[in-house]
């Protein structure tokens, strides 16, 4: 919607109104240029465009991962369906349009990868997948500084602070299969935390992560995610990273991950778990410096796709292996 | 809504739910922190906060104009009612809330001065005033790079490209008392221009303004504005100024006014015409440099208020008079 | 070359290696992403991408001019040939590749419009056209803060300070049909000015422009341009505009045009003269603020194309005509 | 002083000239908008305003800490006394005025929390507290990239490089209860380091911190701080954090803490030690990106207050406890 | 003081403590890196460094003016004495040190050109010259948005809003030979304006300038300046230019000159009048974009020097002459 | 070449054409202001100027390291030879000129420290040293996000993606003594990785570094570096650091080192190994924020020099020693 029509790093285009155009897809990328649900700084409407472009290499539909020894954009069949039309001023209509798009992708058997947009979109993203796989059959791995479990904001049930509550309320995702990693700061208030506890959500605040170590927390969380669920939706809010390293976002909360930690956590998630959907949200280009946040978001997408591709090879992966061994 | 609660340069606060709090007002300032109707770059939700603060002088509720020899913030009774709650994701509800606020001010006999926000708000702004003075009794002086007379956008009747059409359709403002000044560029398309011509709007594109001179165009326009109307609503889109001088806006169109020209035009408008409402819109702080666009917007408000105050003195004003003469 | 492959505001693509793909063209846009000839701040390699995208309207291949009442992108047959491969580290090879591309367009009968890039490219741009129309048969209208008539720089005959000298030396353009408008500052030194005088160039420094008026200077210059020449090449260096309004450039020289003045001068040039080629150079996005310089450059291209389209209608154009008259 | 009059995240206002207005205070916030002592980049005069506002949540005087399970702004009685008038051009008068303000707060029994301003203010800040608690009875925990123990600079005893020397010379703080954490770089020179050693200061350079681990260093330092002293003053120079993550500061020294490390260190300090005063200095908004440094500074204040509040509950705190346990 | 030691565009260095080093000087440049008198945004301490460097041409001590046909840096004997040490925190000592430096230059018979720094420095600048030429024998041409005639600010007689009052009070400059050009906005208040009127100052507010034309106002003002005075001090506050074109300043007031107007006005001033001193103040690099304000300030200096050099040739200058005529 | 002529933090100047001027040098700094080999964002031509100036301390030729207890700029004899003339548009000529300069320094027995510029310069840098010490006798420690072992780019053998391949092909550096640390991302493609493996290069990708720990990898790599080689060339591409902390670079790849890690790794390298040459490349000021990347690059140089100086003292260094012990 914003700027020229281009695909993620040059992958092939598909048309969601023409199911044949993505019938053989492993992954379909969908742009969700929506910031009408943002409670503070807007700008994520330019996220899809930035995430598609933020790379210094040719937009040639190929990205061989040094680390994982796959070329996700070639080893998988990846299409980009372009942006869903989402009018900032009408959140209900916009989220509905996105849910339909995601559901169409999921129904085709492909993994939807949604480029946000603000975090409001997690509601249609995960709902669209759950409509295909079954309500309650998809667990959620959610990297974020914020719980996004508010009841209402500005008098609306919809917005970037509330999607996770709506997902649990509707039954699309089970509360006890909701894994939140990276929370911190001064929100939400105790009442909402109580509601979260009642839902048996598992939320890793940074204090626990620092005290126990990120790896241990991830191991624990990922085990929960695959317990009696058929697939995992991965939702990455870029603000899980410290704003000192990822300034281009709307509600920055100091004290977060490094970019390296996020990439490694996403890699483990997508390599170890059966991913059925991904979104990457809250990249707000107007607040970015030299596009570093958009670059990070682009790499989150590539890391996820590369790990999915590596998982599909069935060949075990050893992070200790030197780069040039076996080349 | 965004950031701390403060008033325009320190004027007194009033409460729109308490009519007594502004019963003696000459002017009531209302913040409209809404960018849900923006078709391109968002950020005007931070406009009200920026417009209230962009000044290097103390926020003491006093601003003696060197040029006009009045202190508008003291010579007039000016209150700031704070921001109307406007959720970006629900444009209809938001515009309705603003219309009620503006109507309350107008009904009290005060002049509402609305700090936008995107230009969607011109619809509730002028409608709110017309509800008090009578539909068709208020003419519009509209400084802008864009005509804002679109039919729909993103499937919505509401948005920052359509308010002027809605105002004419509803009869709130007569098409033949609609004066547009500063238009340029490549929008709207011929069909919309034909509709505008049918309404007998008078739109001064920059070519005509350069060819004839701005002063002559203003003289002509202002004469139309007071012909068989009871009051004039002044709507100033900051993008009427060249983006090279006012970069902090969402839909920049090169080739516009200088800041000086806008200030002089606003001064003449408010000194010569019976102003019944003012809005200043499309200041988008995320795209600004050193706040220069916010400063300009702040000065547009002060220029308007100063000219209104000077007009009320009844003492003729001579722009040739040296600053220190008669001091 | 830099970033995704997209066309100017969505016009159709053509392929310079396939003459059939642009056989019916009126205009072919060519990107020249080259900043290897820059003596100071680089970054113009991102100029073509920025100039193609800098617009808030849909990239739909249509831009109806309010002022000129034509839709240049539709009324003319406009193609975008994409970028010529130009390696910053090898200026001679790069300029040669561009010259071949421009010559191919000119030979087809279309007007080449080259998006720079630094001003080094004016050499291949005008040479490519002159190879088709005849050396000495093309006059040059050159808007710039700088004369660009240096002998050598950094030991090279090629670079953004020397193209105009090379063009005159080769005979591609006659010195006495070389019109420079907007010069100012402290370069070149007297020896080069003497050489320019010997070539009988006509260079309008800002002092003369202010003293006599821009319109009078343009009238005089444009008359020279069509005296015994078959066509006019228009070369617009964005730094002719004051850096206070167009900061995104490499060698900013204060005291220049307003953006409005440049747009009007380009319009007159392309409406009044038989244009055979255009380039727009020295837009350097890394130094820009909120893309205002790129927006201006985009509008220079549209203004040129719109004026060419209007000229071809044969219908006289009156700048005094109100926008809505005759709609 | 700079901009509108507002309080830290909306806490209640008090008036230092009216002791009754803060008689029941646990904490009084004081703004010190002074950058006249800065040796390099100025701008910290805007620090108090930025630190008060840098938050995306409502300014409602409530901030429930996810980590510490207290709402410091409600569990403690926190007032904001506004800014002390400090003229950049007269450092002695300015520091004196601040010292009086801090002493007034300390005398009331409340903890002063001073928002800088450059680090010159540490002299009046800690002196003001020591006047109440006794010279030599307050130890100092000082997070900083720089020792700030210079003798003179620009011919002045006062400035942001010298406060720690003045504090030890006057006896306000004992040299052997001066704990500096995070030093690095190329200043001061050996003579000053010798003076520091003579005072028996304990300064942890980053090399030692990396070699031994930050936690071990803090444990050691904090033990010294409470040995034969009655209270601890915490002085946080934001430049202890790496400038790559906190660019908005005046004398950036690469190689520092992450934001996460600083927040955790401040939390431990204020939870484990008897804090009697806090300052946070050297946030320079003109050099910030998207306010990330101001956000970090705001969170340093909240972290300190939350830990103080938690300490006062007397309920032990376990960083390994999951967020939702016991909710 | 800030950054490396370099001279204005590479002119020779001199040492103010060694009068022989500038005995033959026509002009001596002095840096005044002081922003301790600024009431709002600081940063002008970096002005001298920025003004010396802001040029894309080699720093070779030569700048042939296209307009004036002189090379001021060669035709005049220009030295740069470097920066005076000025500590922001001690305005009285700093201004005194500068006054001594300026007086030393003036006494040598050279014209001091002071690179600020905030406008506080106009007091020592003009006083230093008057000490040589006689109190009351130097008139002042003062380009500025602000009158700078305040009585006190922050309890100080010194600061960037008060120098002009101090100059008149001391008798260094006669009130009735004080020409202010470009004033606008909302400061000072009526009492100060009355004081100014009593002094018989002549202040041209932008309204009068627009109404009468800048050229006419300058002609009038310049005639006053040479009436019964022996020399003219030119003080240029960069904020006389519209902040939309010169954002890098501390107290921006919209509605000012274009850069072109300032350059032309400075040229006329220095060509027509007997200049005995110049300062250029209020360039604040932290707020600049792509150095455009520093570039403008650099060109103001060059324009002044070039006009002085041209005046000294005794050869009449005609602004209508084409650039290449007579070369 | 760009801007004023100044030396690294005020060290003495030397002249490469006069061998006597640096006959006693331990270190000679050489500027390589070249970005003609950059494949994406340019700007490193301003790297040498930025690296020389990025410090808040006086430019006095002294920098006592807190950590290493040496003053490298005084304990070593360090000269700055200024910039080599390198024209962006002619990479072959430019690299040749640099190679001659580096060889001259190496031949004198001094350590060349080259300030880039883009990474193209590693070819002449290491070749220049190898010409003196013998081809194959110098090993390479190479910190970088990228392998820079491409075959050609844009049809050229030279450029910032290919220098390491050229060095191995020529024999200047042995492939099996080529240590690459910090690689990551999606380049180069498998064919190039195979070529690297064939050369027996040892490349540490971030995955291995995270899995094994940076210290262990460095220990292993440094042991290889001194095995049967006479000296070590250290090449530091600033993009080895995460772009979130070092945004001022041309080809940012998320997931890198912290600044602290780089400084420590460089320190160990230069303290433990016999360094014969150093370059620091890819600092691109136009994309930097508040100069943080330039500051980091400046500190990389100082860290390297300090460690070299400390190594030469022969006194063992213990990172656990407190700062003030033994002072």
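Observations
In order of appearance the chains are A, B, C, D, E and F, and numbering begins at 1 in each one.
As a working rule, a residue touches a chain if its C-beta (ideal position, glycine included) is under 8 Å from a C-beta of that chain, and two chains touch if they have at least 3 such contacts.
Remember, it's a predicted structure, so these values are computed and weren't measured experimentally.
The minimum number of touch steps separating chain C from chain D is 2.
Where touching is counted per the definition, the chains common to chain B and chain F are A, C, D, E.
Although chain C and chain F share one sequence, what matters here is the overlap of their interface residues, and that overlap exceeds half of the numbers used. Copies chain B and chain D of the same sequence differ in orientation by 180 degrees, per CA superposition (steps of 5).
When chain centres are defined as mean Cα coordinates, E lies farthest from chain A. The equivalent interface to A-F, defined as the listed pair sharing over half of its contact pairs by residue number with it, is B-E out of B-E, C-F or B-D.
With centres defined as mean CA coordinates, chain B is found 41 Å away from chain A. If each chain is reduced to the centroid of its CA atoms, chain A and chain C end up 44 Å from each other.
Spacing of chain C relative to chain E, judged by their CA centroids, is 37 angstrom. In chain A, the residues touching two or more other chains are 40-41, 242, 244-245, 258, 287, 289.
Interchain contacts give a graph that is no line, ring or star and is not complete, per the touch definition above. Here, these are the chain pairs in contact: A-B, A-C, A-D, A-F, B-C, B-D, B-E, C-E, C-F, D-E, D-F, E-F. Taken together, the chain F residues at the contact with chain A in this complex read 39-41, 183-187, 189-190, 193-194, 196-197, 201-208, 210-212, 242-245, 247-248, 250-256, 258, 287-289.
Note for the complex: chain C touches chain F at residues 2, 35-38, 40-43, 45-46, 85, 87-91, 93-94, 120, 153-156, 158-159, 286-287. Of all residues in chain E, those touching chain F in their complex are 3-7, 10, 52-53, 59.
Residues 56-57, 62-67, 241-242, 244-246, 258-260, 263-264, 289-293, 295-296, 299, 302, 319-325, 327 of chain F are the ones that touch chain D when the two sit in their complex.
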